[in-house]
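Paired with chain B in one complex and with chain C in the other, chain A is shared by the two complexes that follow.
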Partner chain A sequence: MQATTYMKRRRDGRISLNSGNQVQHVMQMTILILTILTIVAFLFFDYTGLNFKKALVETAHNLQAMFLEPALSHFSWSEAFYQVGITLGLAFLATILGAIISFFLALAAAANLSKEWLSKTVRIVLAFVRAVPTVLWVLIFAIAAGLGSEAAVLGMLLHSIAYLVKAFSEAFEEVDKGIIEALRATGASWWHIVVHAILPSTFTYLTSWTFLRFEINFGVAVAMGAAAGAGGIGFELFMASGFYFDLREVGMITYMILLIAIILEVMSTFLKNHYFPETVKN
Partner chain B sequence: MPLLTVEQLGKSYNTHTKVLRNVNFEVEAGEFVSIIGPSGAGKSTLLRCINRMVDIDEGAVIFNGADVGMLNKKELRTLRTDIGMVFQHYNLVPRLSVIENVLHGRFGYKTTLQGIMGRFTEAEKERAFYLLEKLGIAEHAYKRCNQLSGGQQQRVGIARALIQEPKIVLCDEPIASLDPKASTIIMDHLKSITVELGITCIVNLHQVEVARDYSDRIIGLREGQVVFDEMSYRLTEQRTDILYGTKSKPVTQVRELLTV
Partner chain C sequence: MNENLVRIKRKNQTVIFIVVLTVFTYLSSVITDFNILHGIATLPEAIVWIFSNLVITEESLERLPTIVEKLIETILMSIAATTTATIFSLILGVMGSKTIGTSKALGVFARFVASLSRNIPVVAWALILLLSFGQNSLTGYLALFVGSVGFLTRSFIEVIDEASQSAVVALRATGATYVQIIGKAVIPECLPQMISWVLFMIETNIRNATLVGILTGTGIGYSFDLYYKTMNYPGVALVTISIVLAVILIELLSNHVRKVIL
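The block that comes next holds the complex of A and B.
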């Protein structure tokens, strides 16, 4: 009866399948407390002047105007597409420039290709850059470049670099170290190894990651249009909602952004399924 | 003068354990030498000290009149062009074609820019095809390396070593991941490198019988020290047992299991 030494029983004598550790207990308590706090919070809201029935109807009416009767009133269709193009352009510029710079920085950040101190320095600096949200970077660059598309591209570029260097350098590190050793043993120089072993082995990952970042940058570019006056469809959305209170136009613009986002999502899913390593897929 | 002299070689990866201790041997041009010994005896480290893929801690390796430990970066690249290397896991770039992988062996002769642009002369390309022809895989020249079987990939690895026009080829367990038939093909090719082209071969092996059948001389390593260094026919069962710390069963049976 050796197994019984490791067996755990509940108080009623039934065999337990959980290890019964602290973690589970803490998780349960956390969820319970959060549930209670949520319910209590609703009781403390200021409900004066609220006609619940009227509020519901008005909200439904607004939503109906926004999403069931979308229309453009302050600008034309060609203008709308032009603005979407500007937003895509902002995202494209930040992504392409970012990808090129990231490639070289990632070579410096990859532990198997670079010196330890250099790799660590690059990683730490970029971890800081990544920790600050994109919007904040844009506003920081706005001090020098003024609010507008330049600041938006610079801010998005910086954050894209921080993101892509991490992704790229991890892809580089997954390259079989035997391949690098074999090329070094033939007398190949560092650049030979990068161009003829690292690049062909990781090229598909690099393009997939870049596209994934483009998808993210599109979303950010929409927000930047409104927040930093970078122009594009985001700015029109801001004008329509905050300036004209034109719910129908807000709906239309939302649909347009949604459509682009779906197209990008489908494309990146396709790329992901075809080219990503098993570990990153999920 | 011997092609390769190893004098008092010592190597440790950390302060506690020495991987190699006081290793001495000489290899003449045109010899086929096997290094055998249990896992962790330092066979791979010994090979990598010869082309300085790992740094030498104590002693010296003299190859072709040059002290390997003293070379600067540029001299080291030149030295490595003279030393081909073949690996257990072939170490080819899987997404590139066979011919591209073979031509990687020429990078040691290229400047950085030539190498990056992938500029290879017609003579080099012809030589690559000639080697593939000799190794019997010319028909796969334009296939991607990961479409080839293990034995075929190892032959690409040998072609990559040979196109360097080396004076010596170091093989780190070249048949450890191959089936018996492929192993025989690879060992036959390695043997013919020495016999036909006069290139020295040093081969790390796990299979004692293979070492005895193919090599002129066997070096036995145990715990980082040379415990056997003689012509291969002098490796008796008894001495193998000392080397590996094993007790062998009746001779005939073991022979059958180990021979490939």
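The block that comes next holds the complex of A and C.
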């Protein structure tokens, strides 16, 4: 066959290899648009009261005080551990309750176990839930019902559910069709299928994802303490920097958060490497 | 016989698992003063409150131009933080990669920087930077930037290490320099995955920007905080809805890009 493709050449006569490739085109456009928006952003930033050089020197100085001379001054070590415990507790409650609710919602959202309209409704509702930042949920619940730790757990719970339902329902959808069909042929009810086929074959997955969410929720709980007054070590961090201006204490609290975050990360990396196939990420 | 033993062992494991979780849940509720029954009991009340108070009124719509302006500022801030972080993460990612990294020491350094900036929460960065940079957009930008560097570096290292090595080997055989190998083999191969991560980071940063905004008094987070503290609930509703619309719009856009390039 004769090649009839028209070769696009550049002005200097070289053959242009990329012409007509949509993927290349979209990638180039994305990079171009993001670059332009970045430049626009820097032009439109509000720089009131900023002396860049002075701020930079000051930050370096502050960081030095924080990380090289950490110390506690406004509360004792036992109090510090107690506050870390509160943060871990908030994260744990949001995760465990989220996992239980997500399990049932994921059954409704999985395409192979549920009806199409139901699975679509669940997905759309959760997309909305996810679009509202956690801190707004917590603050809204705090005024809506005048709750303390309940508002924080409830707010964090919503995002945990949105995250876990997506992960769980994908795991359910990957269950071998043959197993479900075989059970259905024996006359097993829907609940039988869930308990004897879906749950055993996805259990390690579900626990690993739940743990990954716990790692995320620890960070969220710190943030909620600082921004929404949910208590715990995050609140102490906010007080130390915003009220006492005690950099050494900020440093100590940061070290404590860092230590726990790294322990959780090591554990979840271990889980990821042992229980997840190559393709699953994030 | 053996099968029965395995079954009993399994059953015991399940029981232990459930007991441990229950104990942890109980301890957590005690330490955080959390009462699940109280929480559930007030839930209907809370929902009624939300639907009766968080309504957009005509009066609040007058504030829309200011809110939109703040929203755009926040979105631009998130994009700028992500794109500039991408440049740094690209360098750190290449350094930290096991397959194309140059030296072990540099690799350890890159991973250490990434881990540090990722695991110190964005809140901490925001509060630290607020002290010296004051209340302006750059504070929020820098806080998001530091967190993004950590996250993107880890993702980039993973992407580079998972990419196929044949192009790199082929180029090395032709005698290409290190920079040429990176530019012509590694980057083109990993670009779609990397763009996907960058888009994901932008989505995350817009949500985080609200949090950082509340703490540092910038962008849409500041508007929310202002209305919230003055108990202007229609204003709160309007800010929330505009954030939701912006986040969903950006998610749809980046999903569209992802569908084409991946």
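Keep in mind that, in the parts below, the second predicted complex is superposed on the first by the 218 of 282 C-alpha atoms of A that agree within 3 Å, B and C clash if a C-alpha of one lies under 4 Å from a C-alpha of the other, contacts with A are read in each partner's own complex, and residues count from 1 in each chain.
Note that a contact is a pair of C-beta atoms (placed from the backbone, for glycine too) under 8 Å apart; a residue touches a chain by one contact, two chains touch by 3 or more.
Since we're looking at a predicted model, the values are computed, not measured.
When both complexes are overlaid on chain A, the residue A:242 reaches chain C alone and has no touch with chain B.
Considering which of chain B and chain C touches more of chain A, the answer is C. Contact with chain B, but none with chain C, is seen for A:184 once the two complexes are overlaid on the shared chain. Of the two partner chains, neither chain B nor chain C is touched by A:229. With both structures placed on the common chain, the touch criterion links A:70 to neither chain B nor chain C. Once chain A of one complex is fitted onto chain A of the other, the partner contacts of A:201 are limited to chain B, with no touch recorded for chain C.
Within the superposed three-chain model, A:45 lies in touch with chain C and out of touch with chain B [touch as defined at top].
Residues 51, 53, 77-81, 83-85, 87, 89, 91-96, 100, 104-110, 112, 115-116, 118, 157, 160-161, 164 of chain B are the ones touching chain A in the complex. Within the complex formed with chain C, the residues of chain A that make contact are 22-23, 26-27, 30-31, 34-35, 37-38, 40-42, 44-50, 52, 55-56, 58-59, 62-63, 66, 82, 85-86, 88-90, 92-93, 96-97, 127-128, 130-136, 139-141, 143-150, 153-154, 219, 222-223, 226-227, 231-232, 234, 237-238, 241-242, 245, 247, 250, 253-254, 257-258, 261-262, 265, 278, 281-282. On the side of chain C, the complex with chain A involves touching residues 21, 24-25, 27-29, 31-36, 38-39, 42-43, 45-47, 49-50, 53-54, 73, 76-77, 79-80, 82-84, 115-116, 119-124, 127-138, 141, 158, 162, 191-192, 195, 198-200, 207-208, 210-211, 214-215, 218, 224, 228, 236, 240, 243-244, 247-248, 251, 257, 260-261. By the touch rule above, chain A contacts chain B in their complex via residues 176, 178-179, 181-189, 191-192, 195-197, 200-201, 203.
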